[in-house]
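Chain nomenclature is as follows: A, B, C and D, assigned in order of appearance, with residue numbering initiated at 1 for each chain independently.
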Amino acid sequence: MKRQIPLIITFSVGALLVLAMFIPHDPFAAANDELSVWFDIIASFAFILGGGNLLRIHGDKIYRRRRDWPYSIVTLGGFLLMLGAGLWSGAVSRGNAMAPGSLFQALYVAAYAPMMSTMYSLLAFFVASASYRAFRAKTREATVLLLAAFVILVGRTPVGYHLTSWIPQPFEFLEIPNLFGWILAYPNTAGQRAIMIGIALGIISTSLRLILGIERSHLGGD
Amino acid sequence: MSLLDRMKRIDRRILFLLMAAGVAIPLLFRPTLTVHPSPIVSRVFDKIESLPEGSKILMSFDYGPSTVPENQPMAEAIARHVLRRRLKLYMVSAWTTGQAQADLLIESVMRTDFTDRVYGEDWVHLGYKAGNQGMINAIFGAMRNLYTTDAAGTNVDAIPMMRDVQSLRDMDLIVDIASGFPGVKEWIQFAGDPGNIPVAGGVTAVEALLLYPYYPRQLLGLMGGLQGAAEYEAALVAKYPEYRDDSKALQIMGPQYVAHLLIVVFILIGNATYFAERRRQKRGRIAGGRS
Amino acid sequence: MTGVERIELWIGALLTLMVYSFLYRDNPFYKFAEHFFVGITAAYAMVLAFWNTLMPNCFGQIAPSLVGHVLPTAAENPANPVRWIPLLFGLLLLARLVAPLAYLSRWAMALVIGYAAGANFTRYLQSDFMGQVRSSMVPLLVRDAGGIAYGSSLSNLVLVAGLISALAYFFFSKEHTGMFGRASRFGIWTLMVAFGAAFGYTVMARVSLLIGRFQHLGRWLGDIF
Amino acid sequence: MLRVVSTVLIVLLAPAAQAFADPPSPPPEIRAADTPHDRGRSVDLSWSPSASEESGGVTRYVVQRAVDRPEEFHAVVTLPAGSRAYTDTSVRDGVSYFYRVRAVGPAGESESASAGPVRASQQWFNPRKSNLLVIAAVLIGGISWFIFQASKGRRLYIRKIAGIEAIDEAVGRATEMGKPVLFIPGIEDMDNVQTVAGLSILGNVAQLVARYETRLEVPTRRSLVMSVARETIKEAYLKVGRPDLYNDAMVYYITDEQFAFVAAVDGIVVREKPAACFYMGAFFAESLILAETGNSVGAIQVAGTAMPTQLPFFVAACDYTLIGEELFAASAYLSNDQKMLGSLKGQDVGKAIAAGFILLGVALQTAASASGNGALVNAARWVSSLFRINP
């Protein structure tokens, strides 16, 4: 039973959504819309589940004095501060927690946004170290990858233009800016498309297995 | 230790430092550069340019602060263009962080350059709804299923420009400014393709490549990364020169170029070291065989 | 700059420097920023889900008059008892936090997975399978005003050959030997060109982010001096 | 100065003013019909342009609607001059509507005759999607056939996937070094099929880990993924007879924000120094941050993703990478379940169909372009239309 009911739910919901694609009549059409909202609501509960787990994990860490436990106080402090600010800000401005001037919005601007952007910008440094370390012509495949990357990198700068602008007219397609566009439009599209078609089939067959209940590792044991 | 060994074992922190300097120094001097719009960007510009007055443009803010340097200039350029042409702008967001970005845009565009355009008649901010692609699917069927109010909590029935909007099909163009999932791909899959609504995108350079296969049949046009934003700004400035000073993307192309060249140099040195090392090993092997 | 803006700028700049310190090595400043970041973001997601989804689309539709005290617009719509169902499933999800009832959360999970499978099935079939197959049907011989356009014809050949051979690489039920092996080898090369192009193209995006941060730090330095 | 300007204006505007003297002629023809193949609540309108439109005598059209009788018309929408059609999506099903279009110009307005009654209704099948239905049926058929074959015990050949052996090797090395194994099942939620594939690979890795008695760390960005990952690992430990080694603490939720998650994982990597890192599922920009940090502590890294944007970074920075569809293939391959392998074979049928039709389309297009033959052009168009999305 513990397994049957989830399998029935998955099958009915999945099959209903597939059918709704072809049957524009109610109840299929309406169910399609309604299920989207339901999904949305369940996803919102997942955030609450996440918050609950966070409290549990860090509370436990502090209680047991695990390694680095004082930092868990920082996490919990930030969590409770943001949660309180958000619930308060929403309550006083008709549900718009991000109303300009609210504490919640201020925390977002002062702390959330800068840290997020900074973490993201670490990529510029890691791209540099990866190009030094990993982009080496070790094999024929690696060489092809390297050459394509090289043309695109140079092609995005004015240097690309100046480097090859001397090439005479009938061979102008060899100029780096032209080569840049060509690589993107043809070999790149060919590769991306093959990946996309493959992935689409992977997703289709995995979805089918899920709907039919063949793939059920996510449900765990009985 | 030989130069080769030193290059091989270079501390990556030195590379980090070089990168930081490569961006910071040209940022201080700000060289000026010229940019020409490529066809994939022009198609978006031309579409907005050709729509009759009063046409409806849905703009989705599907990004967050982390990609502001790339996405915000695109969003601003589009918003300026749309309002300037007296088209109607509907702003939504499928990302939790998108709503705040739309607010920032309202500050920097609507409240500064277009104070004569009326909220609710020329533009409306509907805000974020959760659900990712499900959200797009839901408003494709019926807008009011999710958007019963705008971002400020006003009932949509009280908003004039929402009266003749039932679903996404009523839009003349969807412009998605995005940096990941859900993004342009989902707008194509859940709105553009099923409803035959033109979808244009403004995405980070990373996402752009992924979208090329949809162009031009399923995707009207695309601004890819800062370069794409700069190209759109260039097209806008060519037609409406008064926006020259608002062109944020055009102004930071200099550090971009230096950083690119730096990475090219890293790749070259990395490979030179690798080949020198390989030659040394080969020579060593031969010598070893002889003894 | 107002006082609040100045505080925001200072907090932002200091947190930025704390995160960057990780590039040198792990240290207490980074640990502080990391743990603080985790805490506020988890709450942020919860708050937005609560105010933007749960209140208007769930609680507001179940008990409009009750929610109407905080969210006046909710009271304008009639009650929609159907929304009890997702509420129930949402609560089942939280059953995970109570050990003996944990298995009930699988029901909610099953609904999520069923939704994902059903929605993805037709969407990917439509946009990524059919759309891509159709766009690939290009002529290998392109004509223009002056006769045969050799450049475009050759480009189309590269597109088709690259695509078919890359598809061959993804063929799992056949040994990659002989003719088929050579095709799949060419397929890998096509994939590598695509990857190289993606890498090269991406660098611009990554650098833009760094520029954005430096501009932020620049404003902060400007405020100090 | 003012006089000059006004004179110029009068001279310029005089001919135009003449055209505006009369009200515009009404749109001569209007048609209204229920929008076909839809879910109802929609009526398609179209009309022929007013004869005055060309001379600039029309500035806009106002679509009007009446209920039950062609009286008491109310405006539905105002459209700019040049409009020829409108889809009214603000109607109710089963109600009779009448429509007319009013042409409005500088010199007045005029109305078309009314069209109707028209009733909106829902249809039971959308024939525009019939090609989608056929292709879906073929794929479902192909996949199900091989699943059925496999379940009857027929052995199916599936080639080796390069990254898979690397998984064994990496877990082995972590055991030797006495260091933990880090597994990240992507950063997307359970509604992404890649996450499901990543988790089924996790099930396999967990079996190895349990057998070798190594430590496993699974930080997740989504609470749902955490729940499922726990179930998966618990079952894997049970399968190899080591349920005693399992505990919930090895899988933990961090936060839903992408970069806060990355910040925390980076911290875990530099502090715990795992000897093997697995990244299996959907990844975004963090791919390179994770892979470079993992590399800096000397871990063996195996990645697998169907995110084309991140593949280049994993390919460059990791030791092995499962590319695109290989991620799904690996999850089926590792499960060693014949039914899963059968569905993998079904996927190959899909690829063969794609490649076959692409080649057929290309051949027909080429022949049509070379010969200009009308029949070939039509044939090429027909083949292409089989895969159309928006008829």
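Odds and ends about this structure:
By definition in this document, a contact is a pair of C-beta atoms (placed from the backbone, for glycine too) under 8 Å apart; a residue touches a chain by one contact, two chains touch by 3 or more.
Since the model is a prediction, treat every value here as computed from it, not as a measurement.
Chain pairs C-D and A-C differ in how many C-beta pairs they share in contact, with the greater number at A-C.
Taking each chain's centre as the average of its CA atoms, chain C and chain D sit 12 Å apart. Centre-to-centre, using mean CA coordinates, chain A is 3 Å away from chain C. With each centre defined as the average position of its C-alpha atoms, the distance from chain A to chain B rounds to 16 Å. Averaged C-alpha coordinates put the centre of chain B at 19 Å from the centre of chain D. Looking at chain C, one finds that residues 19, 22-23, 31, 33-34, 37-39, 41-42, 44-45, 48-49, 52-53, 56-57, 71-73, 93, 96, 106, 109, 112-113, 115-117, 119-122, 124-129, 131-136, 160, 163, 167, 170, 191, 194-199, 201-204, 207, 209-210, 212 touch two or more other chains. Under the contact definition stated at the top, the residues of chain B that touch 2 or more other chains are 12, 16, 19-20, 23, 66-68, 127, 129-131, 134, 137, 141, 146, 153, 193-194, 206, 209-210, 213, 218, 227, 256, 259-260, 263. Across the assembly, chain D contributes residues 39, 132, 136, 139, 189-193, 196, 224, 227-228, 231, 254-257, 259-260, 263, 271, 285, 308-309, 311-313, 315-316, 323-325, 329, 344, 347, 350-351, 354, 389 that each touch 2 or more other chains. Viewed as a contact network, the protein chains are fully connected, with every chain touching every other. Only residues 18, 21-26, 29, 39, 43, 46-47, 49-50, 53-54, 57, 68, 112, 115-116, 119-120, 122-123, 126-127, 129-130, 133-135, 145, 149, 192, 195-199, 201-210, 212, 214-215, 217-221 of chain A touch chain D when the two sit together in their complex. Those residues of chain B that touch chain C in the shared complex are 13, 16, 19-20, 23-24, 27, 66-70, 96, 127-131, 133-134, 137, 146, 148-149, 153-155, 185, 188-190, 193-194, 204-206, 208-209, 213-214, 217-218, 224-227, 252, 255-256, 259-260, 263. Those residues of chain D whose C-beta lies close enough to touch chain C in the complex are 131-132, 135-136, 139, 156-159, 161, 189-193, 196, 224, 227-228, 231, 254-257, 259-261, 263-264, 266-267, 270-271, 308-309, 311-313, 315-316, 323-326, 329, 344-345, 347-348, 350-351, 354-355, 357-359, 361-362, 364-366, 368-370, 380, 383-384, 387-389.
Residues 2, 5-7, 9-18, 21, 34-35, 37-54, 56, 68, 71-72, 74-83, 86-87, 90-91, 94-98, 104, 106-125, 127, 135, 140-142, 144-153, 155-156, 173, 182-201, 203-204, 206-208, 210-211, 218-220 of chain A are the ones touching chain C in the complex. Residues 23-24, 44-45, 48-49, 52-53, 56-57, 71-73, 76-77, 115, 119, 123-124, 126-128, 131-132, 134-135, 194, 197-198, 201-205, 207-212, 214-215, 218 of chain C touch chain B in their complex.
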